[in-house]
Every structure is written in C-alpha cells, then in structure tokens.
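Below you'll find the structure, written out as structure tokens, and then a few comments.
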Amino acid sequence: MTNSAVEKRLSDAGFTLPVAPAPQGSYVPVVVVGTVAYCSGVLPMSGGTLVAKGRLGVDISIDEAREGAQLAALGLLANLKAAIGDLDKVARVARLGGFVASSPDFTDQPEVINAASDLMVVAFGEDGRHARAAVGVAVLPRGVAVELEATFILK
Amino acid sequence: MTNSAVEKRLSDAGFTLPVAPAPQGSYVPVVVVGTVAYCSGVLPMSGGTLVAKGRLGVDISIDEAREGAQLAALGLLANLKAAIGDLDKVARVARLGGFVASSPDFTDQPEVINAASDLMVVAFGEDGRHARAAVGVAVLPRGVAVELEATFILK
Amino acid sequence: MTNSAVEKRLSDAGFTLPVAPAPQGSYVPVVVVGTVAYCSGVLPMSGGTLVAKGRLGVDISIDEAREGAQLAALGLLANLKAAIGDLDKVARVARLGGFVASSPDFTDQPEVINAASDLMVVAFGEDGRHARAAVGVAVLPRGVAVELEATFILK
C-alpha cells in the first residue's frame, strides 16, 4: 500500500513497480547529489528475471521491445523509490537515455523508447516530459533488447 | 533578425539556425532546471527533411557525415533558442554526446563529431569548449549517420 | 610525489596515474561548473600509446578489456587532477558511462566495466560508488575496446 500519487497513477494505468534488486558491485542504482538523482542503467526484468531478450530487426518485435522498455522504466522508478523513499518527491524527469540493441537495418528506436517516455508522463504528468536520446547499439548486457538510464530532479 | 551575438557569429561563419521542429511525443527538446539545460538527441535535418543518412564505413563519407554533425549541432541550438529565447543566455557548453552510425571497421568517429564541436566554439567562443564522448553505434533512428545530445549551462 | 589520499590509495593498490594528454581540438578533457565536473570520454592509454584495441567477442579477451577499462579510468582521473589540481577535492563519483566495442553475441559488458567501477571505489572509497550505464557499441574511436566518460561532484 502506498499513498504516493505517482504510484496511484501508475497503478490506475495497470503498471506495478517491481521490487528493486539489491545493489551489487561497485556501482549503485542511484546517486543523489542535492536535488539531482543520477540513475544507473536498468535492464527489463519481470518477476526477478531478465526479459525482452534479443535484437530489434533480428529476433524480437517492436511490441515485445516496447514492453521491455516499460519494464525497464518501472525498474528505474523502483530503484529511485528505494533511494529516495517516495516518488512524489520527484520534481522533474530531466533526461532519459535509451539504448536499443539493433541490427544495422532497424531504425525505429524511437518507437521502442516512446513506451518508456509515455510511462514517465503517466507517472509524473507534465513533470514527466524529459530530454531524451535514443540510439541503436550493437548489443546490451545479458542480451536484452533495451537499457534505460535517467536523471531525475527532486523537490 | 536577431541581435544575438551568438547568432551573429554563426551567421558570419555561414551557418543558419533551422526552425526548431514542434515537440512531439512524451519527450521534449529541452528541459531547463535552474541553470542546466538538458537537450534531447537531435538528428541532422535540412529544410525540414532528414539528411546525412547512412553508416560510416558503408555508404556515407566522412565529409558528408561532418556536414550532418554540423546540421545536428545547429538543430541543438535551434531547440535551445526555442526553449530559452536567446542563445546569449548560454554560459557554457558543458557536454556534447556524439553517436556515429558505423560499420565495425570505421574508427574515425572523432573526425565526424569534431565538426559539431568546432561549431560550438564558433558560436560561443571559449565558452563553447565542452566535455565530449564520441562513440560508434550500430544504427541510429531513421537511418541517419549522426545524433547529438548536449547539456548547456545558462547564465 | 603527492600528499593526496586518493593517489596514495591508488598507489597502494598498484595503480599509477598517467600523464594527462594535452587537450586538442574544440573539446576539453574536463568542464567544471560549480561543483560538477563533466569529463570527456577517455580511451585506454599506456605510456602515451592507445592500448586494448579490438572488439569483445572477436579479438580481445575480457581480461585484456578489463585492463583497458582500468587504464581508461586512470586516464579519467588524470584528466580530472589536471583540471582541479587535487583528487582529494572529489566529493562523489556521480556517474560512469561505459562503452564496450562488442560483437553482437558478446553480452558481458558489465564484467568489463566493473574493472573501472572497482577502481573508483579503490580511489574514493564509499564516495566512489556511482550510477553507471554499460552498453555494447559497434566500434569505438581508433579501434579501442573500451571508452569511459564520467561526471564527478566536487567538494
């Protein structure tokens, strides 16, 4: 249960925050400095398992990758909530970086990352509109199709 | 017409700012938070049409891609002007991220992105010198050869 | 000789800061704005020569690339020291961006970039834990296997 307005909007739209995985290694999911939260790259997970594996243009569809982008976006928000306690403390989504594992002839990276961008607006309304870069990379960790990183501004 | 010193320097060097395209989708061209302007990735456009398509090492030359990098840089500045009203409000170009669609044997990404870096110095003088990362990606949205994102510091 | 606690920790762990290369072109190794230091992408160098060339999954091993990641991390720190004078002025490593030149079937980018992340913790202790994105790109400048960029927060 939560009284968070952000989580209620996500829930009303059918989205559930995952459990943030425990940090591992020398990097951390989120670094908060003043009012800036730098968030590590997140891979799409569902029920603790990596999903949305493959490369666009080879062996995963745009729709499957868009679902992966939504899951990665939810993972970003879960990590942020674990770091700051309450997503209602977010003042603005400043930047979203979207990496899409792509064959050289797949050029619809924006359609994939739009699913994550739209989710930010579901969660934060106008404050969810962000600067964004979407690029097509050769391959991503563990063979997933999408990785997202983000910078949030806190109240 | 403009009294902007930045635009006069660009004009004197033969560069013209394009019309900033209307924002579309859940992301926005620029997010301004305090004195930091986060700018979305920009593709090379000329007269409202995407140009500089192809991949380095395959079907576009370094010179053509450098022209694309200049056009993407002008697009960044057009977006920034639309967001803040006057490019003379820029205190510093903090960071430029350059993505170059490349075949695995093309390793001259810096030469391509240098055209964008040089343009920032044309526009802003010493304040245009920036931190930069240039990488070679598999493919970029819509098949263009270059994408640029940037962070500016405002006065 | 240095009295820097950071450099002593690096030295005790067997690491030596390289000489920062002279800046060239229209970009600079580091832009400092207030307490934020934006650092340009760094390639692995040893004795003034580029090393760790190749692509993961093709012609360089994970161990060789990890050594390259350490050298690139040391290059970042050398550039930062040249810009701010003393690495003890670092309050926090905010973000590390790691690009790994990869064939489409190599998916262990995190193992490569972990070597750089671990070095940040050697240098800065808990303040060295950072947000991070690691992706696999088609190719990097000059054919190296690893490129790192970073954002540091200063005291």
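Read from first to last, the chains carry the letters A, B and C; within each, the first residue is number 1.
Please note the rule applied: a residue touches a chain if its C-beta (ideal position, glycine included) is under 8 Å from a C-beta of that chain, and two chains touch if they have at least 3 such contacts.
Source: prediction; values computed, not measured.
Overlaying chain A onto chain B using CA atoms gives a rotation of 120 degrees, to the nearest 5.
For the pair chain A and chain C, the fraction of shared interface numbers is less than half, so the two copies use mostly different residues to meet. Remark: chain A and chain C have CA centroids separated by 25 Å (rounded to whole angstrom).
Within chain A, the positions touching two or more other chains are listed as 103, 137-138. Looking at the complex, you find that chain A touches chain C at residues 25-31, 33, 36, 38-41, 55, 97, 99, 101, 103, 137-143, 147, 149. Interface of chain C with chain A (complex): residues 91-96, 102-110, 114, 117-118, 120-121, 128-138, 151, 153.
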